[in-house]
Amino acid sequence: MASVLEIQNLQVSYRSREGILSSALAGVSFDLMPGEIIGVLGESGSGKSTLAVSLVRLLPRNGEIIRGAVHFEGQDLLRATPDELQQIRGRCISLIFQEPSLALHPTLRAGEQVRQVLAAHSAPGKSALNERTRQVFAQLFPEDADRISRSYPHQLSGGQRQRVLIAQAIACGPSVVIADEPTASLDSATQMELLAVFRTLRERMGLAMIFITHNPALLSGFADRVLVLYGGQVVECGPAATVLASPRHPYTKALFQSIPAIFEERGSGRKTKLPVILGDSARSSLPRGGCPFEPRCTERMSVCREREPSLVNLSASHEVSCFKYES
Amino acid sequence: MRVRRTFAKWLVVLGVLHGMVVCAGFFAPYDPVEQDRQSPYLPPMRLHLLDAHGHLHVRPFVYALRLRESSFDQFEEDTTEPHPVKFFLRGARYRLLGFLPLRMHFFGGENTRIYLLGTDAYGRDQFSRLLFGGQVSLFAGLLGAGVTLFIGWSIGAVAGYYGGWRDSLLMRVAELFLALPWLYLLFALRAFLPLAVSPLEAFFLITAVLGAVGWARPARLVRGVVLSAKERDFVRAARGFGASNGYLLRRHILPETSSVLLTQAAILIPQYVLAEMTLSFLGLGVPEPVPSWGNLLSGLQQYSVLVSYWWMYLPALAMVPFFLGYLGLASSFEERGAVYKIESRIWGM
Amino acid sequence: QEKIGKEELLVLPGEVGRAGGRLVVSLRGEPKTLNPLIAADARSREVIGVMQADLVHINRATQQTEPALAKSWKISPDGLSYTIVLRRGLKFSDGQPLDADDVLFTFRVYLDENVHAPQRDLLMVGGKPITVRKVDEHTVVFQLAKTYGVGERLFDGLAILPRHLLEKRYEEGKLGQIGSLATAADQWAGLGPFRLKEYVAGQRLVLERNPYYWKSDAQGGRLPYLDELVFLFVPNADAQVLKFQSGETDMISQVGAENFSVLSKQQHGYTMVDAGPGLEYNFLFFNLNDSIEKTSPDIQRKQKWFREVNFRQAVSAAVDREAIVRLVYQGRGAALWGLVAPGNRRWGNEKLPHPARSLDRARTLLKEAGFSWSNGPDGGSTLLDSDGKSVEFSILTSSTNADRAKMAALIQDDLKQLGMRVQVVPLESRSLLDRVTQSRDYDACIMGIASYDADANSDISVWLSSGGLHLWSPSQAHPATSWEAEIDRLIEEQMSARTFEQRKKLYDRAQEILAENQPMIFLASPNILAGAKNSIGNFHPAVLEPYVLWNVEQLYLKNGMENATR
Amino acid sequence: MRYLLRRLSHALFLLAGVSILAFLFTALAPGTYFDEMRLNPQIAPETVTALRAQYGFDKPLPVRYASWLRSVIHGEMGFSFAYNGPVAPLLLVRARNTLLLTITATLLAWGIALPLGVWSADRLGRLPDRLLSWATAGLLVIPDLAVALGLLVLAVRSGWFPTGGMASVDFETLSPFNKLRDLALHMILPVTALVLSSLPLLVRHVRAAVADVLNAPFLLAAVGHGIRKRTLLYRYALPAAANPLISLFGFSIGVLLSGSLLIEVVMSWPGLGPLLLEAVLARDLYVVVGGILGSTLFLVGGNLLADLLLYWADPRIRTESGAR
Amino acid sequence: MRFRVSSMKVEASAGSQNMPPLLKVENLVKCYARRSLVGRGEELLALNGVSFTVFPGTTLAVVGESGSGKSTLASCLACLESPTAGNIWFEGKDIVKVEERVRRQLRPQIQLIFQDPASSLNPRWSVLEILLEPLILRRKFTREEMKQCASSLLERVGLSPDFVERPPTELSGGQRQRLAIARALALQPKLLILDEALSALDCSVQAQIANLLRELQSSLGMTYLFITHDLAMAVYLADEIAVMSRGRIVELGSAEQILDQPQHETTRQLLRALPRMTRALPAPEQ
C-alpha cells in the first residue's frame, strides 16, 4: 500500500535573534500508511511539535526548513503554493496544536471557530453547516455540546479547550491528523473516549494519525507504530507493541522507567525517588559529534562520542539508532 | 536582524533631519525673517550644471530670476550670467544652538540670493524658514503629543484597570473635556495673558495646554485596550506574585497599549504642528515674523496661493519625511517588540 | 384708489436692457433678517437694500443724492425743515398703496426708543430726534433741531416700511420678531425692486421681481429687468471666487487683490473690473487713552513715547506705504496719508503732504525727541528712549483680516530698521475690539474702516473726541489735547455749515491737523474689485456699498437664452 | 438595562455640566455679540448698551443660565441675537444637513479604512504598505482646508462637480430622481474632503491594530486549519484587533455634528459649520451653547455605543463587568 | 453529600490533628453567570459546595473529570476569582473577605501554576525576565542573588541556561511548563497549586520535577495542591486525593484508600479508564 505521508530527511532549524541557526530536527524520515496511527514519544524539547508544524509548513517566523521533503499524495508539501496548501490544510491534513489557550481565537465562540473550519472547505448551506458543527460537538462533548459551542475559549476548562481543538481538526474528515499532545489535559475517562473517537474515524474513513504524547501507556493498544525522538532525531521506531513492551534504545528504556508505578509496586515504592535520566536535556543547539544521547547514556561506549549512530534494523519494522545494535 | 536595522535606519534618518533643523542657522542660507520686498513669491531657483551655452560647470550654479516681459508675476531665468553656489561662506548672523554666534553658512550665492524653495509673500526665503520653522514646530509637536499621551495613558489606564466608579468618573470627565468649547477658553486665556508675553512662551504654554486638553481621545483608546489586557493570564500571574497595581500597569499593561500609543503619537505630532494655525488665529500661535511650519502651511489655505504659487506646497512635502520618520520609528519599535511573536506574513513562507 | 392717483414712475436714463432672466450672486454667509429695524450686519443690509427703498437716494456712481420715493424735496431757508413730496400711485410689493402715513409710521418706529433701531442714532440731530409731520397724503415735513450739513443724504438707506404689515405688531411691541428669513413671502413687503420668494436655510435666498416697482427705463419699460435674484450663501471668500469662476454665480464683488489677479488671468466669459480705490482706509494707531485707572503701568510707560508727536511722525515716515500697496494689494490700492480715501473724490484734501518713506527723517525726528540708539551684539541697533529703556511694543491686528496682518508684518520690519522691537499680535476680531474699545489694554493696533457714504459726515464718530470710533482714545468726555479740541470744533462747525465750499474748507483744515499729529498713521486703501459675466448688462461697480448691486434694477442678461447657472 | 439607565443619568449630569461650563467659558471670553456694532459709525454706543441690557447681559451669569434653562424646557434652546429668534429651529435644519454629510462620510471612511488598513497590515513593510504610509503622512501634513480647497479647484477645472453648496439653484423644479442626483453630485466633494481628512487616522489605527494580531498564534492555528485568507483577515484578525477601533468608532459617532465644521464652510455646505463658526466669532452665545450641547449628545451616544460594542466584541471584558 | 465529605475529611486528617491547617476551604461555591446585555442569564455552578482541609507539609491531589471545576477551585484559592459563596481560610485568615491590601501580602504565599502555562508568560519578555519577576517583586534580593537563584532554578527544572535570553514563544511546550514551575518556586510559597503542571512533560522530566517537589516539601515543608489527571502521579505525590465531579468533591481519602477501595462511581470510572502499559522490565540484557 502506498503511504499517505512520506517524510524524507526533514531538517528544521530555528534562527535566534542573533541570526544563529540551531537545529531542531536533524533529518527525520518516516512514512505514514493510510489508517495507520504512529505514536511519537520523545523528551520535552526534542522537536516533536516542530515536526508536527513543519509537516504543514506552519513554522514560526524564525523557523526554517533546511531541507527534506514531505510528500502527501504525491505532492511535495514543502514546495506547494500557498493556495494548494490552504486546500490541503484542515481538509486533508489537519493539525491539533499543543497549546489550546494559544491556538483558539479569544473572541470567537467555540462553535463559530469550528464552523469556520467547515466553511473554509465546503460550501453547503448555512443550516447544513450548523448541523455539521453540532454533530462534531456532540461527538466530542456528549454532555454539554450546546453550552460549549456557545462559550468563548476563556470560559472553557483546559480539557474542553483541547477538545475544541480536536473538533476543529476532525471537522472536515481529514485523511491525516497530526495531533500534538491532544489529550494532555484530559482525564483518563475522557482520554479513552477520545481515543475511541479516533479509532472510529480510522475505521470509518481510514484516518491516519501522527499522535504525539508523553504518556506511553496511551499508545498501547492504540498506536500501530511508535516513533521515539531524541534531540531532533529518530532514535527508535517500531511496532507499538514491541517498542512499549521491550524498548531497545537506552533513552526509551530510561524514559519508561521514570513512570511512577501505581499498580505494580504499590505501597513500597511510594516514598522512593523516581528514577530519572540524569543530565541536561536540551543542549541540542550545541554542535556535537557523536550520538546525541551519549552524554546521558548509562550504556555509553567509546564509539558513541566519535560518530553519530544510524538507524539499525532490528526486525523488518523495528529500527533503533544505537551502536549497541550495530553488527 | 532586519528589524533592528530598520530601527537604526530610521534613527539615523531622523537624526540627520533633526540635526539640520537644530543647526538651522548653518544650513539655512539666510535670516528667516529678512524680507526681500523686491521679490515676493519668487519661484524656486533651479540648480544647474550645464549653462545656456552648453558648458559644463564643476560647481552648481543658479540663474537669477527676472520678470517675464509683459507679465507681473511670471518669472524667467536670466541666462546671461551664471551665479555659482558658494559653500561655507559668510552671511547673516545667527546663533548656533541658541548661543554660538556665527556667520558661517553651508551654502549661498555671492551676487545673488539663492532661493531653493522660492520666497513667500514678503520675499523671505522659504528654505530658511522651513529649517528654522522646524525648531519651533517640532518641539511644539513633540511636546504637545508627549503631554497628551502621558496624561491620556495614565487616565485611560487607571479607568480601564480599576474599572467601576473610577472608570465611570474618568470617562465622564473625558467626555466633558471633549465637549467643552475650548475655543472660548482660549479666547479668554488670550485676554488674560499679557500681550507682552514672549510670543514663543505663549505658544509653548498653549501647546502644553492643548496637549493637556487633548488627552481624552488617547485615554479612551487606552482604556479599551487595558480593559481587555488586564484579564490576560500573565497579568493575573504577576498579580499572584504580589505585584502592585502600579507595577502591573507599568510593566505588563503599558506594553500592551504600545501599538495604540505609538499610532496616536504618529498622528498627534503632525496634528499639533498644524494646530498652530488655529492658534495663530487666536493670537496664540507663533507670531510673524518667526517662522513655524504652521504658518508656512497656512498659505495653502488660500485659493490664490494654492493655484498660483505651486512652490508653497514644497514645505509640506519637506515635512513628510519627518512624520514618516516618526511613523517608521514607531512601527519598527513595535516590530521590535513583536520579533518574538510568531510569523507575521502568515500566508506562505 | 382715486386718492392715490396715477403712478408717478421714476425714469432712469442709461442703457436699455432686456427683461427676464435670473441673476445669481453669492453672499459671504447668511443674512440674518429681512427686518431693517434690527439688521445690524452687512449681509442683511445688502439683501434689504434690494427689497426696500428710501425717500432720497445717493447715486453710487455719482455719489450725489437723487430723488427716490420722494419726487422732490424742499429745504427751508434756515435749513431746519425738509418738505418731501412723495410720488403718487406707488405700491408696496404686495400691492398695498404707499402714502404719507407709511412714512410717518416708519419714522415713528425708527425713533421709538424701545425699538432700538440702529437708524435712530442717525436721526438724532443736535441731540434731538427729528420730528415728522404729515401735510397731506403725499407730503411730509421733517423738522431738525439744528442745521445739518449732510442734509437730505440723511434719508439714504432709510427704508420706508409697510405700515399695513407692521402696525399691529408694533403696537404689541413685537416688532423685533418679524421679518425673519423664514417669513412667508406674502407676509413681507417692501418698495425695492425685488420681493421675497423663497428662503432655504443655510443655502439661498430667492427674490423675485417686484411688479409694482416704481422705476422704468428710458423706453418706459418697467424695471427691474430681472425676474429673479438669487443670493447663494457662500461663507468663505475663496469659495465665492471659485463659485464665480465655475460660472455658478454671475457676479462677484469685494474680491481680494490676490484672488482678483487669479481671476483676471483666465477670464472665460467674465470680466473683472477694478473700480479704483474705495472708501476703506487702513491705519495704525497707538493707545493714547488716558483714563488712568484702566491703563496698566506698562502701557503708561509706553504711552510716553506714543504721546510724542515726533515718535508718531517718525513711525509714519518709516512706514513703507508703497510696499504695502504692492505686496498687500498687488498694486491694486492707494497709499494713504489722510483719513479721506482717494475713492472719495469730493472730500479729499489735495494739499495734504505725501512724504515718501524716509528713515533718515524718522531718525531725525526721534533724535529730536530724545531717543537714542544702542548697538546690539548681533549687529542690530536698538532704539532707546530718554530713560534708556528700549522701545518695544506690540501691534494688534485682526486675525480674520489677512491684509492687515500682512501690513503689520511689513510695518514690523520697517520699524525694526529704526531699532524698534515690535511684536505683531493677531487677535480674533471680538477680542481685538474688546481690547481697543473696552479694556483699552494694548499698545498699538491696525484697523480699517470703510465709510458708508462719500460724505464727510459718515466718519464723524472717528473725528469727534466723543465719538466711539475715535479709536486712539474713544468717547472722551472732554478732548484730551488742544488739537483734538480744534478738530472737534472744526467738525461740529462743518456739520452745520450749509454750503459745500464752507464745509470743505473746514474739513480740509481738520485733515491737516490730523496729518500733522498723526494719531492715526494712515497706510493704504484697497481698490474696489469686482467681476461679472460678460452676459450681464449695465454692470458698473461703484466704490460705495453695495458695490455691484446698487443698480440691480437695471442689471439685465444680454442674451436671454443664457441661464444664469450651469 | 440598569446599566443603560445609569449611563443615561450620567449623560444628564454631563449635559448640565457642559452647559454650565460652556456658559462660564463664553462669559470669560472677551466681547459680546453687540460689540461689533461699536464699529458701525452709525450706531451710538448708548444704543449698544441698551441692547445689551435688553438681552440680559447686565445680569449675573446664574440668572442668565436660569432663563436659558427655562427656554430649553420650552424647546427653544435660547435665543439667537443674530437671527433674532429661538435657537432650536436654526440648529435643527442645519444639523440635518450636517448629519447627511457626516454620516455618509463616516460610513465611507470606515468602509475604506478597514480594508485598506487590513491590506497594508498584511503587507507590512513591503512596497504597497510603504506607499500608503507616505500617502497618509502626506495627508496628515496638508491642512484639511487646503485639501478641501484643492478639491474645489478640481471641480472648477474639470467642471464635473458643483463647487460647493448642497443643491442647485433650480433644485425645486427638478424631478425627484434628478433631485437625488443633484444632491449626490453636491455631496461628492465635501464627502471626499471629510473622508480624506479622517482617513489617515483610521487607516493607521486599523493597520497597527491588525498588524499586532497578525502575529498571534491563534491565527497561525487558523492557517493550519486551512481558513481562507479573506476569512482569516476579516473574520479572525479584525475582530481580534477590534478593541481600539471600536473606541475610535465611538469618536467617529461623537464628532458627527462637530467634525465637519470647517469643511462645511469651505464647501458652502448649509450645515452647522457656517452657522456655528459665525456664531462663535460673533459671540452669538446661545447658538454656540446649543451647538455644543448637540455635539455633546452625540459624543455621549458615541461613547455609549462604543462601550456596548466593546463588551459585545470582547467576551473577556464582558465577564469582568458581569462579575463586578 | 456535603456531610459525607466533611466527615471523611475529619477522618482523613485525624493524623495531623495537632497542627493548625494551612488551608481550610468551606462550602465553596462558584457560579458563572453568563450575562448578556439583553437576554436572560444562564448559570453554571462550577463549584458547588466544596470543603476540605490541607495541613502544612502535605500534598492534596485533586483529580476529576474534565470540566469538573478543578481549575476553578485553583483560581479561587489563588485569589484570581472571587467565589460566589463560601470561605477560604489560609493560615486562619479568610482570604475571601480580607481587604485587598492584606490579600496582596498573602498572595505570594499561595502560588498557582496555570494549567496553560503559555498564556501566563508575557510573550514580550525573555525567560530571564519572567523568571526574575517574582524575585524583583519581593525586593529582597541583590542582583547577584537573583542571578544565582535563577540559574539554580533553571537547572533544577532541567532547563538549559541557553534559554534565558529567549522569549517564551521560542520554547517548546514542556519548556514553557518548566519555566512556569520554576517561576512559581522562586518565591518558595507556603502553598503551591499545580494545575496539571506536569502534563506537558515527558516521563523523565516529570519524574525529575516530582522528585524536586518532594525534596522541597521535605526540606521547606511546602504544601501542595496537586491537580492532575495522572492518577499514578497523584498517588505517588499525594498524601490525600480528592476526586471531583461536577463541582463537588465526591470522594476524599488517602491515596491508597482511593486506589484500593474507590467508593464513588466517578473514581471507579477514572481508574477503569487508566491506560496501562506492560511495564518495561529492567530489560534483561541480551
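For clarity, chains are labelled A, B, C, D and E in written order, and residue numbers in each chain start from 1.
To be clear about the criterion, a contact is a pair of C-beta atoms (placed from the backbone, for glycine too) under 8 Å apart; a residue touches a chain by one contact, two chains touch by 3 or more.
A quick note: this is a predicted structure, and the numbers were derived from the prediction, not measured.
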Contact-graph separation of subunit A and subunit E, given in steps at minimum: 1
Between B-C and C-D, the pair joined by more C-beta contacts: C-D
Identifier of the chain whose CA centre is least distant from the whole-structure CA centre: D
Cα-centroid distance, subunit A relative to subunit C, in whole angstrom: 91
Rounded Å distance, subunit B centre to subunit C centre (Cα mean): 43
Euclidean distance of C-alpha centroids - subunit B vs subunit E, Å: 55
Geometric centre distance via CA averages, subunit D-subunit B, whole Å: 25
Sites on subunit E at which at least two other chains make contact: 32, 34, 116, 119, 169-170
Sequence positions of subunit D contacting 2 or more other chains: 29-30, 149, 152-153, 217, 220, 223, 229, 314, 316, 319, 321
Junction residues of subunit A, two or more chains touched: 17, 60, 85, 99, 101-102, 154-155
Subunit E to subunit A touching residues, read off their complex: 32, 34, 42, 44, 63-67, 70-72, 115-116, 118-119, 158-160, 162, 165-166, 169-175, 177-178, 195-196, 199-208, 210-211, 214, 229-233, 235-236, 255-256, 259, 269-283
Subunit A residues within the subunit E interface of the complex: 14, 16-17, 41-45, 48-50, 60, 62, 98-102, 144, 147, 155-161, 163, 180-181, 184-192, 214-221, 244-247, 253-264, 266-267, 270, 273-277, 280-283, 285
Subunit C residues within the subunit D interface of the complex: 22, 24, 29-30, 32-33, 35, 38, 40-41, 113, 116, 118-122, 124, 176-177, 180-182, 198, 200-204, 206, 230, 232-236, 238-239, 242-243, 245-246, 248, 400, 428-431, 433-435, 437-439, 449, 451-452, 458-462, 467-469, 475, 564-566
Subunit D - residues contacting subunit B, complex: 6, 10, 13-14, 17-18, 21-22, 25-26, 28-30, 122, 124-125, 133-134, 136-138, 140-143, 145-146, 149-150, 152-153, 200-201, 204-205, 208-209, 211-212, 214-217, 219-220, 223, 229, 232, 243-244, 246-248, 250-251, 254, 280, 288, 292, 295-296, 299-300, 303, 306, 310, 314, 316-317, 320-321, 324
Residues of subunit C defined as touching subunit B within the complex: 238, 241-242, 256, 258-259, 261-262, 298, 320, 323, 326-327, 330-331, 377-379, 394, 396, 399-400, 402, 405-406, 408-410, 412-413, 423-428, 430-431, 434-435, 439, 441-443
